[in-house]
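In order of appearance the chains are A, B, C and D, and numbering begins at 1 in each one.
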Amino acid sequence: MSSVDMSVNIAGIRLKNPVMTASGTFGFGEEYGEYYDLNRLGAVVVKGLTLRPRKGNPPPRTCETPAGMLNSVGLQNPGVDFFLEKELPRLLDRGACVIANISGASVDEYCLMMEKLSKSGVAAVELNLSCPNVKEGGIAFGLKPDLVYEVTRRVKECGQKPVIVKLSPNVTDIVEIALAAAEGGGDAVSLINTLLAMDIDVWSRRPVLGNTYGGLSGPAVKPVALRMVHQVAGAVDIPVIGMGGILDWYDAVQFILAGAKAVAVGTANFVNPLAPVEIIEGIERYLVKQGFTSVEDMVGALV
Amino acid sequence: MKEPKVLQVIENKPIAAGIYSLELYHHALCEEVLPGQFFHIKCGGDKFPLLRRPISLSYTKREKGAVVLIYRVQGQGTEFLSSRRPGDSLDVLGPLGSGFEVNRQYERVAIVGGGIGIAPLVELAGIYGDRAAVFAGYRDETFLLKELQERSADVRAATEDGSFGYGGFVTDLLLQYLKEQRTDMVFACGPKPMLKTVAKICRENSVGCQVSLEERMACGVGACLGCSCAVNERDGSLQYKRVCKDGPVFRAEEVCWDE
Amino acid sequence: MSSVDMSVNIAGIRLKNPVMTASGTFGFGEEYGEYYDLNRLGAVVVKGLTLRPRKGNPPPRTCETPAGMLNSVGLQNPGVDFFLEKELPRLLDRGACVIANISGASVDEYCLMMEKLSKSGVAAVELNLSCPNVKEGGIAFGLKPDLVYEVTRRVKECGQKPVIVKLSPNVTDIVEIALAAAEGGGDAVSLINTLLAMDIDVWSRRPVLGNTYGGLSGPAVKPVALRMVHQVAGAVDIPVIGMGGILDWYDAVQFILAGAKAVAVGTANFVNPLAPVEIIEGIERYLVKQGFTSVEDMVGALV
Amino acid sequence: MKEPKVLQVIENKPIAAGIYSLELYHHALCEEVLPGQFFHIKCGGDKFPLLRRPISLSYTKREKGAVVLIYRVQGQGTEFLSSRRPGDSLDVLGPLGSGFEVNRQYERVAIVGGGIGIAPLVELAGIYGDRAAVFAGYRDETFLLKELQERSADVRAATEDGSFGYGGFVTDLLLQYLKEQRTDMVFACGPKPMLKTVAKICRENSVGCQVSLEERMACGVGACLGCSCAVNERDGSLQYKRVCKDGPVFRAEEVCWDE
């Protein structure tokens, strides 16, 4: 079947195919690495890292919603040093192309993490800007274009790795934010992160999540994600990585047609651990059927 | 490599009001699964319900190569489960989680289940046999008593409404028992308040205790950090562990009961 | 069963119960009025009106998405004059409490409509601010706090009817917008309108909607709507009308617990024409079961 | 007052590859429904699929008090429909829409269906009986021919692959027929390109024509304005009408075919 070229060039790195995992839904690859070889993936985007280890939010941290789920994990992670020492070597040994996802409480924290990661074997760094910026009184970096510009520019100065800026969908104008990321020197943008949401149990009369609010992901958000990817891909010159509710190859192809050069699979892992590899195969079949010779030809190919 | 398994339904029948016994065929699984482990089951179509549902092993039927799961119909997912018929298949991950720590040297153990929490203890009762005193607490209607009695000669039931056995909480029975009988380990599963009481009783009577916890799950395999429960670290700090991977069975001492 | 008081006071009007229909999902009450008496509803919010008749967008105008739907009706309506002459009298004859939903392309258009409606039997006017403001270069009124403030203030000056400001969820900070509505003199806010979204058919390689983008509604958006209602109810002093994905009484109760004093039923009408009346009954049963004596006691009653 | 009806499935069986015949029991409905009207059916659980699916009446069986719907399995909704068994029930709105304008004075009419669009024409064929020439166009496999032949002596089939009847488009047959035979009205249902050709042929041959259109629907009753199709107004302007309420049957002249 491999008469089609599945590889894509993103932010200066060549991925063997356009399918990655979405940060936070794949841990450090250990669990799902028991289901298939991690080197079959375009890239593994690891759990969001912070400068120091974080405990995360109180339980319950997940709940199901119509065609979606909420999570309020709260960036529980062992910290970037532990990652570099223990997790990354294991991932690289398995031949995975690894992208580190980082969250900082200040621009300096982002820079410090970039410096550390620069000296490692990660292929790229993804900036999660949904984290509250402590210096700006708690507003998330990703919600203001000038903050997005600033953090991107500064991080680019601190290291050599390609930078993917991950956009929050909780904004009035996603294009403005994406443009700021591009202007700041971002090598690619990825979207969408989760939509801020909530669920309530009417019998206990309490929010279901221990943290009250959480992030909505899964098929429910796909139409919003597709729209944002379509808008952003039409506005920026850097590559777009699309995600949000991709369960199967059909969904993935929709994102690529909307203009995404690569896609990330998140919540779907929880439903079907084999989802990413099945999606790779499905995209390939679609390309053959539709007469495309490479996946890059299909990017943004709406008629 | 692991993979999602497609298991055939052998039988799926109500055993009490709203409680079903589901028998699934899988020879290898039946050899492999440990008491306290669970399965993560796709309960429905493609997108709705979206997430899998965790259901523990209740017991194995090795001669038939079958695993038996006992579940209470709670919402959409278990509703769907209850509609499966013999011959239908289910998409299952597992066995998952750590299971109970089984020490075959123990001379006397107590096994304490509350409500549907009795189900995950049946296989364990089979391992300890007559060395186990089994305490089964119900609100009203009893179930699984026969299965427990086949495994242990000492099964004691409590009902909250007093309709069968001891009238009151099953933890009263446990307390009584621990006072009279030296016990090496207590295994418990049930609602959180019950587990908290069991843990307290065990601490006060200096008996080791393992509890099986529940938490809302997404992945079920340890990747999402969604099913955390708070545990006390040695240094006194609080840490979150994954019920699906580090548990569902925890030592009662490490569980942070006030969270 | 009626040992509980189901009435609520919103924006100075007394509704016999907290359940209304969501604008655009109920036409002018003619169709669903064949399924039950319209006077059983708290209020009927009619299809969005504009100053002049509008043809609306090219088809297809709807499509289904996971646990939701898109629509790009594009405000097709016969205009406010036709409404006042033909539709309103019919509705009032049936004993319905009628709320007019209006959209303008400029502040003046909103004012003109308010003037006309002021002299009529409508109980209140709901401002749909998702319409692009032609004078502001096409940006929707509802996306900027200063525009929301301005249009609310001006409309309040133009007529005596209570004003409900309907908020778009496609914003970074819904609280800021709600506060602007309150400051402008709005008597209540209603939320959420639809999330801007898109769907793509991979075989034709075309957007499914004739208009490319459309609004996402239905259960999929409920967690986002609940979060916004909870945020807004915690921040403004005027009543909040909650909507977005309410299919049954459980959903409605969630919104009331989150702080909504009334709820609106939209997409659910398409699934079950009897949804609004079944929801009224379900709320009443819940109140009795939980020992509330009035629905107003339950508003925001999270523990 | 109207209300959603709960209809019992009498029979639901495949009649061609991917095409099913669904018989539903409802005496009153069977008397009330007109050819060209449709039903809006909840195809699945609570939230997924969310919206109802429109399926036309194919024909009634008055003696049994049954309505027969013929549908092609297309996606989630019709997939669900095809899984319904006798005795199951379905939540149905309808009959909805305007139906064909039936003038019993017509001495000769032509009825033209393409693919699954043949289904909504069977009841109509029964009304005109031998006064109707029925043209049924298929890609390859034929279906409903017997039902049509029971109603009209003049049934002509076309298959695109030439495997049965005339090899080619059904519209070729219609064109030929209209040239030879004075006809009072043409009734058509099928894919849009076919309907467009039928409309053109009728216009060129000065024969009246009614077409049944399809559009994606939400409410199905006229409330949401979601199912619009463009029609030409007398004043030359374009207007959107509701397929579900103003249609699904329209006069071919008013339909704006280039939208």
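To be clear about the criterion, a residue touches a chain if its C-beta (ideal position, glycine included) is under 8 Å from a C-beta of that chain, and two chains touch if they have at least 3 such contacts.
Note that this is a predicted model, so its numbers are computed, not measured.
Using the average of C-alpha coordinates as each chain's centre, B ends up farthest from subunit C. The chain pair A-D and the chain pair C-D differ in C-beta contact count, and the higher one is C-D.
Averaging C-alpha coordinates per chain places the centre of subunit A 47 Å away from that of subunit D.
Centre-to-centre separation of subunit B and subunit D, using mean CA positions: 55 Å. Note on chain placement: the centre of subunit A and the centre of subunit C lie 34 Å apart, centres being C-alpha means. Centres computed as Cα averages put subunit C at a distance of 36 Å from subunit D.
Each of the following residues of subunit A touches two or more other chains: 66-68, 218-219.
Within subunit B, residues 46-48 each touch two or more of the remaining chains. In terms of which chains touch, the assembly is arranged so that all chains touch all other chains. Within the complex, the subunit B residues that touch subunit C are 47-48. Of all residues in subunit D, those touching subunit C in their complex are 1-4, 42, 46-52, 93, 215-230, 238-240, 245, 259. Every residue of subunit C that touches subunit D in the complex is listed here, in rising order: 24-27, 30-32, 34-36, 47, 55-56, 58-64, 66-69, 71, 73, 76, 218-219, 247, 267, 269-274. Those residues of subunit C whose C-beta lies close enough to touch subunit B in the complex are 66-67.
Residues 65-68, 70, 143, 170-173, 195-200, 202, 204-207, 212-213, 216, 218-224, 226-227, 230, 245, 250, 253-254, 257-258, 286, 301-303 of subunit C touch subunit A in their complex.
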